[in-house]
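Written below as structure tokens is the structure these notes are about.
Chain IDs A, B, C and D follow the sequence of writing; residue 1 opens each chain.
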Amino acid sequence: MSEERPSGDPIRVLVWGENRHEVLEPHVAELYPEGMHTTIAEGLRRVLGPSVEVRTATLDEPEHGLDEQALEWADVLTWWGHKAHREVQDEVVDRVQQQVLSGLGLLVLHSGHFSKIFRRLMGTTCSLSWRNDGRQERVWTVDPGHPIAEGVPNPIRIDKQEMYGEFFDIPAPDELVFISSFEGGEVFRSGCTFRRGNGRIFYFSPGDQEYPVYDHPDVQRVIANGVRWARDPRGERRLPGLRRVAERSVW
Amino acid sequence: MSEERPSGDPIRVLVWGENRHEVLEPHVAELYPEGMHTTIAEGLRRVLGPSVEVRTATLDEPEHGLDEQALEWADVLTWWGHKAHREVQDEVVDRVQQQVLSGLGLLVLHSGHFSKIFRRLMGTTCSLSWRNDGRQERVWTVDPGHPIAEGVPNPIRIDKQEMYGEFFDIPAPDELVFISSFEGGEVFRSGCTFRRGNGRIFYFSPGDQEYPVYDHPDVQRVIANGVRWARDPRGERRLPGLRRVAERSVW
Amino acid sequence: MSEERPSGDPIRVLVWGENRHEVLEPHVAELYPEGMHTTIAEGLRRVLGPSVEVRTATLDEPEHGLDEQALEWADVLTWWGHKAHREVQDEVVDRVQQQVLSGLGLLVLHSGHFSKIFRRLMGTTCSLSWRNDGRQERVWTVDPGHPIAEGVPNPIRIDKQEMYGEFFDIPAPDELVFISSFEGGEVFRSGCTFRRGNGRIFYFSPGDQEYPVYDHPDVQRVIANGVRWARDPRGERRLPGLRRVAERSVW
Amino acid sequence: MSEERPSGDPIRVLVWGENRHEVLEPHVAELYPEGMHTTIAEGLRRVLGPSVEVRTATLDEPEHGLDEQALEWADVLTWWGHKAHREVQDEVVDRVQQQVLSGLGLLVLHSGHFSKIFRRLMGTTCSLSWRNDGRQERVWTVDPGHPIAEGVPNPIRIDKQEMYGEFFDIPAPDELVFISSFEGGEVFRSGCTFRRGNGRIFYFSPGDQEYPVYDHPDVQRVIANGVRWARDPRGERRLPGLRRVAERSVW
């Protein structure tokens, strides 16, 4: 169990990035010269200022930068991966799952829908339809009272994006916050929340490596809102466990 | 309490139509010469054959054709209204609400979102965005295992329709079955289920008086599926009531 | 639309009480000499300190103390009523409903389940089973990560309470936070959240006029948590409305 | 993809039992001389008659009796396991998960909450509180309009049962049908539905090996209702998959 921290303390966010496209593909490196994780981290600092502390970690670090200590430090973990989902070690996935069920907040971004950790937490295939034609996506708010939609225009317009369409094979979300439309006529449940154990999970689909989506101020705002929402206010970590209740209490 | 009927008996559907546009506006009368209610009723008979018995009722009949006996007869009521929502008498709305809470299935179609009965059952404004430009709507299935989506192509294409867009001010539906996209880029939660009391409610948005939407075989199929889903299999009507439990039972 | 206020400002709570039992029945007056609303208000001040501003209002005030200005002032309204539900004027109920749908938080307490405003917002009968035998209620947390359950023992034990049992005729709650058990073996969904329009509603069943339930520190804690949860962080009031979207935007 | 079968055909149910307690422990063998799976199978035949075809399978059969052909045959699988969860081979769990996501219905019974397959599909620990003191359980219906509650008394009384209590670490169920109370005052969400992929899952907690719970006619009725509900009416099996949409369609 981690030490308890007052809920007024800065939110500690660990931004995890696969960091492969950015290294291997020049046109991605041009958009994200220090990696998408760096851009996401900067967006959080820009929107949340001193109320956030941000660190980053990437696949090629030892234990993918996700050792026990790093996860204990964080209140919220954000996850972007794509081409190297399979390289993520199963024991690290186990560890992240335990932490999420214990209260670590988790934001899963774009192609992270197919990550081991998201599929593990959802129990489904998390498959979807897609087409990468770099056309416009509009993100519509369908739950305007939700804290994740605070201060977000309706719709957000993202000029160039990959299309993600239904059927998206996820459990029915606990809350559906955003639905996207695409120029080809498709729709997608693009902002979904889930509670699992003591943890809160937010899936947000905008953000392909081929377009500067994480520079978009409204996308940054949604991610910042998501981080605030996903933080467990109790600031402690507890894995739900089997509990034998020894004695029957008397009424 | 109505007599009990075996669940293998034909489903009794009462198709209610406001029947004003069809009478007052020649271009609507051309599309629906015997009224939209007649077209909807015929669609049900076409898809469900002998497993359905259909009657119709309209606003200008005594008690709007919705007297106690008509409602007791029906397993499911479908509702289309638009320009004359206010003319529906409050006591008839009370009666329909009591019947729905007692187990009468209810399908609310298109502009019925603003009917007294739907607003009464939802508790919200049921407002939305709209634009009548007669362009294409696509209806996407987001819950392919749902019985209401059975046999329905993904997407359904409706060539000419009014646009209905978010924010649609309804309670979060119990199940979200369809999401529509529109040529202008909007999205809409177009197929939603709700349980209220012992009754099942399905809201389905396609269907404007200015376009022949109720002639569309896939729209007819969805409405037929909705009718089957909304029927209470127990075939009896019971309003949930306050129950004093006189004695504490001994463990 | 009310003026916008920073979310760091104190939460403004209007505690509404019917205040009839306390006046008419000596054994209730003994428990709640200044009315249940006063005890509830004091509990909020005790738990939330300077982060809350509390006012009270009662049935016998002009407009039941719920004029436009009082409702505009409040971030959250709490509602306790029982024997005089019918005396609440329909136009005040209309006004409260509009405010809730516009973003006013609402806590409905105990016998408030049968108030006009709760039934109006739910669309159902809100009926239940009951027996007043003054025995123990235990309130179990079934969503330990929910902010309304923060700092609450599992279970809360309330020595003497009226029994409220299922079937409770409400829409399926958006979130189920608490389930109660009773000495007679009954169960009840005792802590339920609902979103309606821009407003958040929390129903919490403990609290009968015949027992000092609102003096119970854990009950006070739940109500305080509920108030914090129900406050709209945006601090403005907007009723969702019909919006005509004049022009189709170009992709 | 399995052959399509008309929905009027008998439901094919595969009742899976661990069958260890019944073999190793005389007092269990006395209650269930042919194994719990046999009793469950007989209950289904008793309630559903010719509308069901039932087979059984157990842990010690090759591939636990759950080879591809057996799973393809079945419309619904019921699962009871307890002391040997770990002996279930991971590749069989993979196979069952694929089938459920493809449309195989699944009923998870009692201690099956801790089976690999249920934890896999839920993504959580599925832990709970428990005490085996053989006292009464009451199963209360909180969704009387649900087909799984059809014909079930409220409450069901089970004279001797193990206590299962909250917190039950599952995702919020799509539908909560039953809540149980126990003589020690605990509560438990004892009847929960979940949709995953194309499959429907029903968890039902009554049923310990030490008590003749599966001989109880109301328990048999719930399981039979669950089987009918969990059957995919489309009678085909399809795993949701990644779909590349090659061309952008023209509006």
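The rule we apply is simple: contacts are C-beta pairs under 8 Å (C-beta built on N, C-alpha and C of every residue); 3 or more make two chains touch, one makes a residue touch a chain.
Given the structure is predicted, the values throughout are model-derived calculations rather than measurements.
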| item | value |
| --- | --- |
| Chain pair among A-D, A-C or C-D whose interface repeats that of B-D, sharing over half of the contact pairs by residue number | A-C |
| Chain pair showing more contacts of the two, A-B and B-C | B-C |
| Maximum centroid distance from chain D, chain identifier (CA atoms) | C |
| Mean-CA-position distance for chain C and chain B (Å) | 32 |
| Between chain B and chain A, distance of the C-alpha-averaged centres to the nearest whole Å | 38 |
| Residues of chain B touching at least two other chains | 135-136, 143-144, 165, 167, 172, 174-175, 183, 185-186, 195, 197, 240, 251 |
| Touching residues (chain side chain B, partner chain A) in the complex | 136, 138, 140-144, 154-155, 165-168, 172, 175-176, 179-183, 185-187, 189 |
| Interface residues, chain D side, partner chain B - complex | 103, 135-136, 143-145, 147, 150, 174-175, 183, 195, 197-200, 232-234, 240, 251 |
| Chain C partner contacts - residues on chain B that touch it in the complex | 97, 101, 114, 120-125, 127-131, 133, 135, 163, 165, 167, 169, 171-172, 174, 183-186, 194-197, 239-249, 251 |
